[in-house]
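I've put the structures underneath this note.
Each of the two complexes below includes chain A, the first together with chain B, the second together with chain C.
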Partner chain A sequence: MNRETVVLNPRLAWREIQGRVVVISPEDSVVHELNETASFIWKHAERGRNVSEIADLLTTEFRVDAAQAQADTEGLLAVFSQKGLLAN
Partner chain B sequence: MNATPVMDRLVGRSMKGSVPLGVHFDVTYRCNERCVHCYLDHEDYGELETPEVKNILTQLAAAGTLMLTFSGGEIFLRKDFFELLEFARSLHFDITLKSNALMITAERAVRLRELGVRQIQISIYSAEPEVHDAITKVRGSFARSLQAIRFLKTQGLHVKIACPLMKQNLSGLRRLRILADELSVPYVIDMTVTPKLDGDTSILAMRNSADELVDVIQDASLRGQATPDDAAESVVGSAVSSGIESDAYDGIPCSAGHNTCYISPYGEVYPCVQMPIPAGNLRRESFEQIWHRSPQFARVRAIREDQLPVCAACNLRKYCERCPGLAHMEGGDLTGAYDRACELAEMKARVAGVANPLSAWHAQSRGKALAVRASGRLVQISQHL
Partner chain C sequence: MALPEQLSISIGNIPMRLHIPEGILREKARERYAQFLDDAPDALPIFLNSWSADQPCVVDNESRESRFTYDWEKSSLRLEDRSARFDGVRHEYGLDSLIRILLSVLLTAQRGFLLHAATVLRQGRAYVFTGKSGAGKSTVASLSPAGSVLTDEISLLRFVDGAWHAFGTPFWGEFRAEGANVHAPIAGLYCLKQAPEDRVGPISVREALRAMLPNILFFSRDRQMTESLLRLLSEFVGSIPSFELFFRKDRHFWSVVTP
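== the complex of A and B ==
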């Protein structure tokens, strides 16, 4: 999974508004507001980064250790996936 | 209805940061129907061209707009409409379309689903084909629009019927509700008939009086149903008329100019489709300049409810859905009161059991009339003397 590129669900609408990413799903009109870390992961996934790259960036940005960053990234991506926010 | 906490926070952040979260973009005024109550001039005086629209969409995305409504005129008359839609989706906008649906085919419905359009609002005036067609002035339009609704529903798209209410279709409203149920689509009514954009007020004769609307005011189910789609829509439009309360709107008349605005097919920017105050033109200035620096937007943003000269002291405020845009169009003053809002508020108050409700505006005009009559008598008396 680590080298896999994260692909966002292309049917979603989203925008970064005042530092937070807001996502709307057209199927059910549910509005998701991502927290700071989730927004960070979302924006880097959008740029085509894979899980390891995102975790590395998280380490630098939020000053957390590598294991923590990896766990957070995988955890949040699992939540994204469960909520239908990912294509894969 | 209260906004969900997520929506509330989103509205709050957009208000605080002055982000144009919702934009209503009329991409054409041309239309293939000729509805009797329509306020538009359907001539094309030089619509924005494809690259111009794309440029504006890019600017809106950069400014933070998320909810985008494409409307008209009839949007599908633009030959480049799907190109524009595709471009808008590539910029991740949340899309609502407003259309009469005459040009929506089965293939187009598939494409709309593929593109991730969230909602399509379609104007249906009556469950009776003759009434609908007499309003649109296009024979067969009812059947075609209904067929399109079925195409869209087959694709699993969210369709909503919008029904502007006027003298011609009021009596058929219950049957329209049944039709909407049969089609499994929600519907909303709109009691607003506005003057034409050129100021012509003759079409106002088509609107129902407050007395005629008493059933609609009494029976909330006749006014349509709130849907999950509305939750995401609550930021676009009126804090009052959407029926969604958000603390972020406290103290201001509505969202117009604060976190929403309107763009015309000629690039003019207004605070709202119902507030035709040109604040700038995107052919000459950037969206950023107009949104942040135009004196018109500054003026609209400065209005506070408790400073409205007449309405601030009105006892009927909780029954009133005053629209500042209509106050401007009908009464000539953004901060003023206007007859239509007062009449509807008085009717709502009466239905709620208030005895002899009288708006502050009507009380004031009645006071003035009495004073004029009194001074008339003085003149007469002095003449007798």
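== the complex of A and C ==
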């Protein structure tokens, strides 16, 4: 279980458009358009869910097994971190 | 009563009163914005080049915390609650750039934005053609009837009277200023693609947003303002039909835009 809280970068602007999250970094105007799974993770992270809670929700939403959901969640959060989408 | 240093203009129904102490710059600005002169009483005062507060005009002293600041080349812009200052403006090109930057900020709160796009009127409706430099904006304008082009470079799009409208702007390519101060409801957004044939195809809301974002003029680094812009763009692409326009850079493209 990974109960680590996910904290999104508070400097970023974002909006959900037709089910997908679009994120803009106002400081450098870089735009990130998230795919369906990443958008799902982003929205639940924004609501304060921790990593395991998001993975559980992913299991239900996308009908994947728990191990796969955990791996997908952690993998995408690592990408978020690389791209500066998470708080330091 | 208007002072001789003042030049009142309105672009996109955003009234601004420029206080320009230098006579040559003021006359060049008067010439450039001749189609946009408008003596609206509630205009935002803009003081150029440290226009002094001891002169007979009210400067906003109540709020010293700027809403927005921006440095452009050797000039600067500072927007306060009820006035703005442009400093270091040496020529009309610099003034024009600072006005665009200021407008991009003011428009966000007025449900509007600036887009690199040519806009052409046809049968009372505005057709907006967006694309990067070289995509064909000026070609679209040059292939359209004289007097029908609102701008060939920077379009001002704003939600007014219950609909999205395109406004004429003085912001044209090669620093020409030919726009008329008129507006019309928007018929559609066309994302320009050069191609060996003329054809048009609808694109999704997300595709339209993706095409627009690199062409938006926006200078704020503020998160809330950026989110306001995103909300506006989302509303825009959700209500305006959007298309990809493949065209050969000849006048026949109109036959696929308005068959």
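Operating definition for what follows: the second predicted complex is superposed on the first by the 86 of 88 C-alpha atoms of A that agree within 3 Å, B and C clash if a C-alpha of one lies under 4 Å from a C-alpha of the other, contacts with A are read in each partner's own complex, and residues count from 1 in each chain.
In this section, a contact is a pair of C-beta atoms (placed from the backbone, for glycine too) under 8 Å apart; a residue touches a chain by one contact, two chains touch by 3 or more.
Computed from a predicted structure; not experimentally measured.
Trainee: With the two structures laid over each other on chain A, which partner does A:32 touch: chain B (first), chain C (second), both, or neither?
Mentor: After superposition on chain A, A:32 lies in contact with chain B alone.
Trainee: With both complexes overlaid on chain A, does A:13 touch chain B (first), chain C (second), both or neither?
Mentor: A:13: touches chain B and chain C.
Trainee: Of chain B and chain C, which one touches more residues of chain A?
Mentor: Partner touching more chain A residues in the overlay: B.
Trainee: Under the stated touch criterion, which partner chain does A:24 make contact with: chain B (first), chain C (second), both, or neither?
Mentor: both
Trainee: Touching A:48, do we find chain B (first), chain C (second), both, or neither?
Mentor: neither
Trainee: Touching chain B and also chain C: which chain A residues?
Mentor: 10-15, 17-18, 20, 22, 24, 26-27, 29, 31, 33
Trainee: Please give the residue numbers of chain B that touch chain A in the complex, ascending.
Mentor: Against chain A, the touching part of chain B is residues 4, 6-7, 9-10, 13-14, 16-17, 19, 21, 61, 64-67, 92-95, 116-119, 156, 158, 227-229, 231-232.
Trainee: Per the contact definition, I'd like the list of chain A residues that touch chain B in the complex.
Mentor: Result: residues 10-18, 20, 22, 24, 26-33 of chain A touch chain B.
Trainee: Considering only the defined contacts, which chain A positions touch chain C in the complex?
Mentor: 10-15, 17-18, 20, 22, 24, 26-27, 29, 31, 33
Trainee: Would you tell me which residues of chain C are touching chain A in their complex?
Mentor: 204-206, 209-210, 213, 218, 220-227, 229-231, 234, 237
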